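What follows is a set of structures for review.
What follows is a pair of complexes built around chain A, which joins chain B in one and chain C in the other.
And now, the complex of A and B:
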């Protein structure tokens, strides 16, 4: 693939400004015919903004877009589709009860006098499938297909509209490794048919293997474009992070490093989710589990809490083995800030007080009857402990902003005598101000002697709050960073599978 | 407006509850249309008497709805309970005519039915609507079997005569039973940990479970309570009619659920009050009674009742921001002002 093909699609000096912030600052990006072009960058680097501009979701504030050398305007999804640009959605948009061909031709049915011609439809789609050699049949019902096959149907849907440029955003996030291999094969077939692909993934290994070229964005600006033959993993990571940052932060030292273990996990295994996971969390320590989404971090935490089962291994709490269930964990002084606060964190219709009190009725009730005054008191306490705004414990949690919702969830546990808190991605979708307040709360908990086990994908956040860092990959702990040696680079490389000396914790 | 509400607590309650206003308007309208006949003591007692049965069922069935479920077996439980009470008192098969045992067995049958439904619905992700739709048929089948599909007359049972015939302060006993049930439900929902958990699990079961709430147990209890109140209503109905039959309370579940929804309890669970649900029952009761008094032919009653229920539910759904109905009315309003 080293011969230079002609350019299919080009974006020049693209600008996008959100309330005085340059989300994209004169970004250039081009894709050649039949090229797999990866778009890399950390969260917030501008990847998704760029994609949203080229698919017509956002309007650009400056710059030009060219397709086949002609300047085009993309102001809507239809414009993008007409220009031959298609997106493979992460959340699949197929109708499960319909067949493959019915899904592909949805809204574009082949009909005569208002009657659909089933035979012509089947034939057209089967020809399309045969042309690309995908392992699905036109008549398969979508809900019987694997995730990877459904993705193929999405790709076929794009191809059926003569898409020249297909965007794949984290396509392997929900695929097993064997299914991913199948997808890579298909991407290679598309490349041979002169279809261009923009590939977005956090998994650097597959990006390096697959792409012909990589464009790297950082802070809304171009950080570099690299041809396949020039790829050096550590260099790419440096470009993503920026040199200044990679030197600056390192994990903080734990002053109480000889404190007792509150929580110990030994060889914990849940087949298909995580394998042979061992670690301990000390009193007053913040231990962070990081790694890519799907590496098994959340599952480990849920099993420790008793929300999910595990197959083998041991969990010790204050030196004694425990068999966790959620109720036992709560009674033992465990708390969980779940991954998705909206679906798992709170009851939206209830007030802050009633949400917070839910974990406290062991103290707020006498023979089953609620002591109202004490209940109101705990609501006020939660508001003041988390600096929740508006400072009114009677507001419905569903009406609060994301950051304050998370504070309400934290309030459930801050009002209890905690020994261990398990925190899963606490700052996703939360503005910077509230983020800092949540970090302060976590730090405060650790200083009070609570053992903190946190899951996070945000590397800056990991380095900011962690005393110790464990990197997980494909269900295993592959690297441990102790007091003050980790950099963003180290963590990114380890998460993606580039570990030179595999120290297993 | 705010000054007025501060001074007048009655006005404050009224403005905070649109259903109460609708009820009062209907009372006034029916009173005027019937030349005061509607508002006569005798007729008001009639309405209370008719609503009391639904009211008793509602106090239990509301728990299931608040938890995001539904219980259509209230009528089947009532029929089964009535039949078992009658058979026991008449000493057919079991009992030997012991009234206490009869009541125990009748309510016990409702509790057992609720236990079975609760066990299934708290553990498996089966739509409660479909399950209870089917099992209600099964319950009526059992009643047919138990009664031999015969109407059973209950005679010489002092307690049931008393409940069915006697009035205290001019008001029939079933009304007092309903009031007791409503008070108990109100206290449970508003002053106990269980009540708090009902609202929390109904609003978000996953988050509640992760906070250590025993959601399964809570749901199980709700269906048992609903089974018992259904059975209690059946016993009261048999006392009123001095009989039990295999069609007893048939289709009552429709009015019970309509009242709960008209009363503002969310079908998605997690929101609503017991007083609202009872108000819903009175709305439906007043409509039926008023139409009869005005002289609207009975063939139109169901039609009008259905339309009024739709109207009430629409108002309820339109008040929730973001719902299509809400958007629809907002667009309508904008056009008008523009």
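And now, the complex of A and C:
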């Protein structure tokens, strides 16, 4: 790919503003014919905002979009489709109980007087499939296909509409390595047929292997465009993070590094989710599991808590092996701040007091009846412990801001005698001020001697809070940073599959 | 190995149930397989079956319809009312009845699609409304009490008749309607859209399929089924009272479920519902011949329906978990 092909699609000076925040600030982006163009950036860099603008989900606040040299307006999904832009969704958009050909032709059936010509439809789609050599049949029912095959059907659906530009958003997130290889082959075929692809993935290794060019976004701005021959992994990562000087975590070294182990996990395995996971959390330590979404972090935590099963391995609490169930865990002094607080963390229609009381009824209601005064007292305690605002324990949790909702969830456990707290992505969707308060609460818990096991994808947060960091990838722990020194680059490279000195193949 | 689809297994289960039940009753009673008994069973089945056609379509879109039988009762009463209190021609009355059936469908469709009310609750309530209208229209004697109205019109009475070989007209009507509905489902755009809407609404809508249009279509067809069922019901009974049709809805929903229609939508067809209807009828009839009580019959069909629902609820999840495990084990062997 040394000769430069002509430009198919171009976005110039794109702007998008969400309540005074520049989500995209004069971003330029172009794709050539038959090019695989990767879009890189950390969470919140503006990748998905840009994609949503070019697929008609969001309206741009400024800038121009060109297709084949002509300026176009994209205000809806239909506009995008008419312009020849198709998206392969992370969350597959196929109809499970219909066949492959019915899915591809849905809404565009070949029919006479409303009667479908099955034979013509099957033939047309089978021809399309044969043209690309995909391992699916036109008559297969979608729900019987593997994730990779479903993705192929999505791609076929795009090709059937003569899409010139296909957007793939984390296409390998749920594929096995063999399935990924097949996808890469398909992408190369598409490239040969002059189809352009915008490729978004956190897995840097595959991005570097596949892409003809990479555009990097950072904080809603262009951070650089790199041609394939100029790709240097560590340079790319630096552009994504934007800091030349590495930030270390030396300041957060654990003073009580000879404290006893509260929680120990030995060779824990849940087939299909995580494999051979071992670590220990000491009294007063904050251990963070990080890695890409889908690397098995949440699943490990849920199994430790007893919310999910596991196949083999051992969990030790204060040196004694335990078989966790949620009830036992709570009784042992475990707490869980779940990933999705809205559905798993609190009851939105109940007040702060009632929510907090839910985890405390073992003490509040020994006889089965509850004294309102006891309940109110524990609600007040939770409010003061977490500095909840408004400082009114009778507010419905659903009416609080995101940060204060999370404080209420923390309050459910802070009011108990905690030994271990499991925290999953505590600050997603929470504003910066409240984030700091939540970090302070976590730090305070550690200082009181609680063992903290936290899951987080936000690398800045990981470095800020952790005493020790474990990086997970595809269900395994692949790297430990336990000397108190790690940089954003180290973690990002490890999560994306570049361990130690491994370079692009 | 490729996993068997939920539909395939359900079809096998319902067929086996039907065959087993038929064999048991054939072996244990002398009269079960007599031609007379078969034709009369098929006549009774036809009424459940005609209502079940509309209900199955509603279930495939991911909904339900608990009002089909009550709409049938209302249409019957519209007929009886006009027949008793006016001097309208038969054609006129039938046209008004057709309109009543279709309007019941439009009303259901409106509540479910435009107002976006859950089908189950919506049709439970509209069914009550239909029943209320039935009471209002009911024919009363000189003291004001509700009486059942004899329908002596020969054309209507002839609808209750049969061919020389003993098969009733209503049975033929049911089978023809089942065939048409099956063709609609499997061979037309509308049919594909009905499955698509029930299977994954957002994806269907993104493909340009209108939720309102599809819901309206299935409920109007259900209303039409109530009209046809009502005409044959008048022919069969020769009378009409306020209880006519009230029991049909639940029997028809049961038949659809036993035949493979799944409340979450996207699954089921008319062949399955045909089997389900036959099963319900064989059970009813055989139980009579067995001297089992209605209670026992209700318990048997209730248990079977619960088992079917349990199967529907867990089958796909179970198979998916198994596939995840198998893939993980394969990966381990691959040695990555």
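As a convention for this text, the second predicted complex is superposed on the first by the 481 of 505 C-alpha atoms of A that agree within 3 Å, B and C clash if a C-alpha of one lies under 4 Å from a C-alpha of the other, contacts with A are read in each partner's own complex, and residues count from 1 in each chain.
The working rule: contacts are C-beta pairs under 8 Å (C-beta built on N, C-alpha and C of every residue); 3 or more make two chains touch, one makes a residue touch a chain.
All of these numbers come straight from a predicted model, not from anything done at the bench.
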item	value
Joint occupancy of chain A by chain B and chain C, clash or fit	clash
Touched partner set for A:347, first chain B, second chain C, both or neither	first
Which of chain B and chain C A:178 touches, first, second, both or neither	second
First (chain B), second (chain C), both or neither touched by A:385	neither
Which superposed partner A:17 touches (first chain B, second chain C, both, neither)	neither
Which of chain B and chain C A:460 touches, first, second, both or neither	neither
Partner chain in contact with A:330 - chain B first, chain C second, else both or neither	first
Part of chain B, among the options 41-49, 95-103 or 131-139, whose backbone runs into chain C after overlay	131-139
Contact residues of chain A, present in both the chain B and the chain C interface	none
Residues of chain C that touch chain A when the two form their complex	2-3, 5, 7, 187-190, 192, 195-196, 198-200, 202-204, 206-209, 266-267, 316, 323-325, 327-329, 331-332, 334, 336
Residue ranges of chain A in contact with chain C within the complex	77, 93-98, 102, 106-107, 109, 111, 114-116, 118, 141, 143-144, 146, 176-178, 271-273, 275
Complex contact set, residues of chain A against chain B	305, 307, 326-327, 329-331, 336, 338, 343-350, 354-355, 357-359, 361, 364-365, 368-370, 372, 412
Chain A-facing residues of chain B, complex	191-197, 199-200, 202-204, 206-214, 270-271
